[in-house]
Structure formats: structure tokens, C-alpha cells
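So, here come the structures, one by one.
Here come two complexes built around chain A, the first alongside chain B, the second alongside chain C.
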Partner chain A sequence: MSLDAIPIHLIPPGEPGLTGNAPPLLHELLEMVNRLLASGETAAIDLSALPLTPADLDWLRERLGEGEIAVTLLANGESTLAETGCPGIWWVTHHNEQGVVTSQFLEVAFVPELVKAHPDDVALGRDHLESMMADL
Partner chain B sequence: MQGPLIDTLARRGVTRRTFLKYCATLASMMALPPSVGRAMAEAMAAAKRPSVIWLPFQECTGCTESITRSHSPTIEGMIFDMVSLDYQETLMAAAGHQAEEARHAAMKENHGKYLLIVDGSIPLGIDGAYSCIGGRSNLDILKEAAEGAAAIVAMGSCASFGGIPKANPNPTGAVSVSDIVKDKPIVNIPGCPPIPVVMTGVLAHYLTFGSLPELDAQGRPKAFFGETIHDRCYRRPFYDQGKFAKTFDDEGARQGWCLFELGCKGPVTHNACATVKWNGGTSWPVESGHGCIGCSEPDFWDGGGFYKALSVPADPLKIGAAAAVAGAAAGVAVSFANRAKKKAAKAAHETTTLDDLEK
Partner chain C sequence: MSLDAIPIHLIPPGEPGLTGNAPPLLHELLEMVNRLLASGETAAIDLSALPLTPADLDWLRERLGEGEIAVTLLANGESTLAETGCPGIWWVTHHNEQGVVTSQFLEVAFVPELVKAHPDDVALGRDHLESMMADL
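The block that comes next holds the complex of A and B.
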């Protein structure tokens, strides 16, 4: 029996470094965005937990594009929370103090969790404001 | 210090966002879903610090060094903010009877709830006389402390598997924690030394879920010990292509080829060095040009020589009990033979090669 009888066709490897693991993530993102619109439920994909090559990440970044807003967080190294070309999808990158990427997420939310101020911290801010005004 | 952790952190200048970011990364490293990062942060921020008793036995203090001198002190050092470290001989100010009293007070007050960390193996020879603290044997102290512990963390290869003290011919009769304590949950964090973030991860899991993380057959957290060094090694493609460094200074070594033939134990060693790295993500042994010595596996010291290539697919690190006893006797004979040979070589001004030492 010749190999031609077996209905399997080899797909030649595409662009170098691409594993084909990135496109399915777009479907997952679509589902997450639908849920965000329907119920306000937020979600995230841990990019460092998936077998993605740098080329895969570039492919994904290129497809999602750049949005209007990017937030820089300076806390134990720099973090960037950048909106992609699809509003509601944020590309979150955490660096450590040495500048090494420690983790990377795609977060689906109206505003990423880290950007919001915690009520306890707001209360501390109010106390500070009050004591500052008392000293005037 | 009392009160929730987040207040303690705030006093040290660690903001809530820094903590959230850290928890997100920690959850990612432990292969937990992103939502767990936030749950961890919330649980840990509100957690009352659990009492921790840290007992050092037959050890070199390398495990303590690894944790306390890790490169990002504000975060990994948080282990000491997350817990109420009630007894740690190397770090505590108290000494002598005061130190022993502090331990007893903490054990009584938190009976059934404290976390027990052990580093070092426990010698059983001559009724445990090889290692005593305050006139009591390690075995005695461990049994007493384990009785009231909620869970035990065996820190480093010595506490996990017996480590170097247990290496042939094991003169002190050293054993691991799990050889003695049978009725408590035990998590092994082997490594010589262990990776600091594994310790933090286990603590975070314990504080968030009130339980130890999922463990493998050797009692190690699967999140960090689930894969071999070889599986995650950046030099793996060279192994697949059959490109090996033959010596430490040949063209292959310069090209960064696979160190398998130079004795790398990566294929049989489960640890997270290849992904987490060391010294704040700076590098790790294979990246620095030396093969993995397999320090997080049982009996790694008796694995047959750090510079001898593994024979595939055999697993030389798994030695049967009978073979180990025979090996111990053979080990003594070989070491005497080598000593004699070294002496002879010195007298004759011959150079001793690596092969001679490993015969």
C-alpha cells in the first residue's frame, strides 16, 4: 500500500518560529469578550503558561493591534497594561527590577484589575488629604 | 506583629499593587489559573500570619542562605512577613534556654496549627548522638515538634531525601523527615539549595487554600517539579540535533551545545531551574556552561559521578535497597583505593585525571 492511500497530508511548516498555537487564542478571546459584554465577567489568559514562541507572541500582538491607552505601573519593576486594537482586551506584561519579563497576560475587562484603586487605599488617601488640609 | 499581612507589608513600603502583581506572577509560575492570582492576593492580604517553627538538623545552612539572600529581597523576603517565625536558630536573637523556651511556647500556643519547616537530615546512628541541640537528639526534637504540627515542609535535599549526609557510606545513619514522620502531611522541597520561589509558592498555596499544593510521587510540588530540567532546557534543540559538547572548552561548548555527554543529569532531574533560573533570573547552571548535577533527586551524590554521561534510558538515580548497601561497602573500598592512588601519584609527580578520581 502506498502512502498516498492514507488521507493525511503533511502541512509544510509556515513562517519560522510559528507553532500554530496562537490562532486558537483569538477564539478564546472572542468568547471572553462576549461574556464581558453579556455579564461583565472579566477573564485572563496566562501567556507564559502556554507553549508560545516569541514569533507566536509577535503574530498575536500584530493581529490584536494597538489601542489608545497604555498604563505603566512602577511597582517592583515596570509593568505595562496596554489596550489592544480591540477595546476590552488588554496586553499585560510584568517585568522584575532587572527588567526581565516575569509574566504576561491577556486580560479581558473594561479596566484591568491592577489599575483600579482599592477602597482601603482610597480611604488611606482620604486620611492623608485630611491631615494635609488640617496643616494648612 | 499582629494584624493582616497587607498592613505589615504596607509598613515595609510594599504597595497593594506590588503585591497583586507578585501574586499574579506566582500563580503563573505554579501553573494555576490567572483568577487564582487575585484570590491568593486577597486571601494572603487578609491572612493572620501562621506560626512557623524552623528546625535545623544535619545541614550546612545553605537552604536558609538561599531563602534569605534571594535577589529580590522585598518579595521573596516576604516569607518572613507572611509568617510568624517563632523559632529559627540562625536568625533569631534569642539563644540557649531562651530560644528553647520560645519554641516550646509557640508549640503550646499554636498546637495543631503551626507549620514546621525542617532543613537537614536526621542521624539515627548511636541513638542520634551525631547531632544534638541543647543536649537532645534531632530525632527527639523532630518527633516532639511534628506531633503538634499542621503540616511539615522538608526544606532542601537533606530533609527531603537524606541528601549529602546520607551519601555512601552514610556514617551517621542519616535519614529524611518522611522516614521518621508518617502521620502528617509532608511537602518535600528538594534542591541543594532549593529554589526560593518554590518555598514562597507553597506558603502562598497553604495560606490561600489551607492545604498543601498537589504533590508528585516523591512528595514534591508538581507545579515546580512536574517536568525535568531537560524538558525545559533551552539547549534541548541541540540534544535533538545530536550536537554535544565533548569537553568544557571545545567548539561545541563555545557554541552552547548540549552538555549531556559531559554528565548533565538534566534528563532525570525534576526541578524548575530552567524556567525560574537563579539570582533574580540572571542565569542557571546549564546557561553558565556546566551540566545539571541532579541535586533535587534522591541520592544524587551517589548517582555515579557528575561528569559521567547518563546511559539512556536507564535511570541510575534509582538504586534498590540491596544495591545501595553493596554500593556503600564498595564505595568505602573505592575511596581507600583512590586515596592510595592519589598518594602514589603525588609521590611520583604524576597528574591525577578526572577518570582516576571516578574509578
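The block that comes next holds the complex of A and C.
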């Protein structure tokens, strides 16, 4: 076996596992927060679609910190929507029914879209309430 | 001591502990949900301000059921904002720092007011993000 056959992994400078792909996301988030404040425009970064290592994600999570609000949504697996230490930036994690993380987003919004009750569902709930009252 | 001095508690018909004060709240909620759907108007019933027994509250909770979304807010004690089985109706419970329930509301809204990030807080978070990025 020649030395050429040994794969070489370049370790980037700084903390092991960090690719340098996370810091630019803070700039992107800052622009998104500015747009939210200026016009109410919401946006999201799909973390699962980016070349981020677990160390990159930990770095981001540490920088953004933890906020006061945590939302749990149970529908075909659990989703958590946690306010970060920067209000308006939410860390959204979707799990499948086996508890495996299927996707992660950073959502910039006053409130994450998934937390809002959909008018169609509210109308169904109203019908349910009406039929329940008829049975009392 | 005459018999007149013995206080008489009238036990209402039906389940023990039920005062009959809970069922009218369902009618009130139905009107509130209809207003939410018609005009987006939100409203709340302060359960702590009404003569409701624990049995009344249990009855209400059972009738309304449980929804898919639960929100936890940590600020001077824990608040929970749980979607009921009727989307748009949220059971909101505030605790003090000792974990004692201090108030309970039924809030009718697409999303409870407390879950929304306030623009002033988002602006503070933006400043925090900016200064953090300057330090990188």
C-alpha cells in the first residue's frame, strides 16, 4: 500500500469540526431580522440543506443562546420551536415518529408559522364545540 | 347553638363539586371563536375571576380536550399555553416562581399574544447579534 492511498483530511483552523460555514449565517440572520423589523417579512434558513457539521450547529446554538419561549408540536413526530436569545429568531427542529431529527430551520418571524392555528382548523374546532354542546 | 347557625351548603345536582358555572362558558367560547373567524378579533376569559371549582375546571378541560401545540414561557415563573382540542382556544396558566398557579385564562386567538416576539425585543436582539458579530 503506497502512502498516496491514505486519504488526507484537511482540518480547518480553529476548533475541530468547525468548517467556517456557520459565521456567515449570522450575517444572513441579521439581514433577515432587519427585514422583519422593517416590513414584517418572515424568512427561514434550512440548516439541513447546508454543509454544517455538528460542531458548526453547536457553535451557532451557543452564539444565538436560549430564549424564554419553547413550543412543542406533536403531529407525525415531535417538532420543537425554541426562541433563541435573539427574539424573533427561532430554532425549529422536526423529528419523525421514531424521534430522529429530520430537518432543522432557523426561522425569523414574530411567531413561527406552525404555531398559528389555521382558520380551517379553527372552523372545524368550532363545529366540534357546537356538536359537543348539543350533546350536553 | 341553634340549628339556624349551622351553615347549609346546597349540593347542586350532578357530579359532586360541579356548580353549573362551566357549561355557559362553552357558549361564550363559541361566540368568541365565531368572532375570531369573522373578524380576527381575539378575546379571553379570566377563569381565576369566576366562581369555578376544581371540578368545574376539570369538566371544562375534559370537554375542550388537548391539542397538538404546547408552549412554555419562562419569565418570572412558568407560563404554559396549551392548545385545546378546539384549535384557536388556548388554555393559559401562569405560575409564580414557586410554581403556584396565579391565574388561568382561556384565550381565543390564532396564536396567544404572549407567544409573539415584541418588536422592541426583536430590535434589542438585533443589537445583541450585531455586537456579537463585531466580537468574532
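Note that in this section the second predicted complex is superposed on the first by the 124 of 136 C-alpha atoms of A that agree within 3 Å, B and C clash if a C-alpha of one lies under 4 Å from a C-alpha of the other, contacts with A are read in each partner's own complex, and residues count from 1 in each chain.
Note that a contact is a pair of C-beta atoms (placed from the backbone, for glycine too) under 8 Å apart; a residue touches a chain by one contact, two chains touch by 3 or more.
Note that the structure is a prediction, hence the values are computed from the model and not measured.
Student: So, A:H118: does it touch chain B (first), chain C (second), both, or neither?
Tutor: A:H118: touches chain B and chain C.
Student: Name the contact category of A:N34: first (chain B only), second (chain C only), both, or neither.
Tutor: A:N34 contacts chain C only, not chain B.
Student: Mind working out whether A:E97 is in touch with chain B, chain C, both or neither, as first, second, both or neither?
Tutor: first
Student: Quick check for you: in the superposed arrangement, does A:R126 touch first (chain B), second (chain C), both or neither?
Tutor: So A:R126 only meets chain C here.
Student: In the superposed arrangement, does chain B or chain C reach more residues of chain A?
Tutor: Greater contact footprint in residues on chain A: C.
Student: Under the stated touch criterion, which partner chain does A:I45 make contact with: chain B (first), chain C (second), both, or neither?
Tutor: first
Student: Of the two partner chains, chain B (first) and chain C (second), which one does A:F105 touch, if any: first, second, both, or neither?
Tutor: The answer is first: A:F105 touches chain B but not chain C.
Student: Touch test for A:A75: chain B only (first), chain C only (second), both, or neither?
Tutor: After superposition on chain A, A:A75 lies in contact with both partners, chain B and chain C.
Student: State which residues of chain A lie in both footprints, the one left by chain B and the one left by chain C.
Tutor: 73, 75, 118, 121
Student: Where on chain A does chain B make contact in their complex?
Tutor: Its residues touching chain B are 43-46, 48-49, 73, 75-76, 79, 94, 96-98, 100, 102-103, 105, 107, 113-114, 118, 120-121.
Student: Residues of chain C touching chain A in their complex?
Tutor: 23, 26-27, 29-30, 33-34, 36-37, 63, 68-75, 83-89, 109-111, 115-119, 121-126, 128-130, 132-133, 136
Student: Taking the complex as given, what residues does chain B use to touch chain A?
Tutor: It is residues 6, 14-18, 20-22, 24-25, 27-29, 31, 33-35, 38, 71-72, 74-75, 280-282 of chain B that touch chain A.
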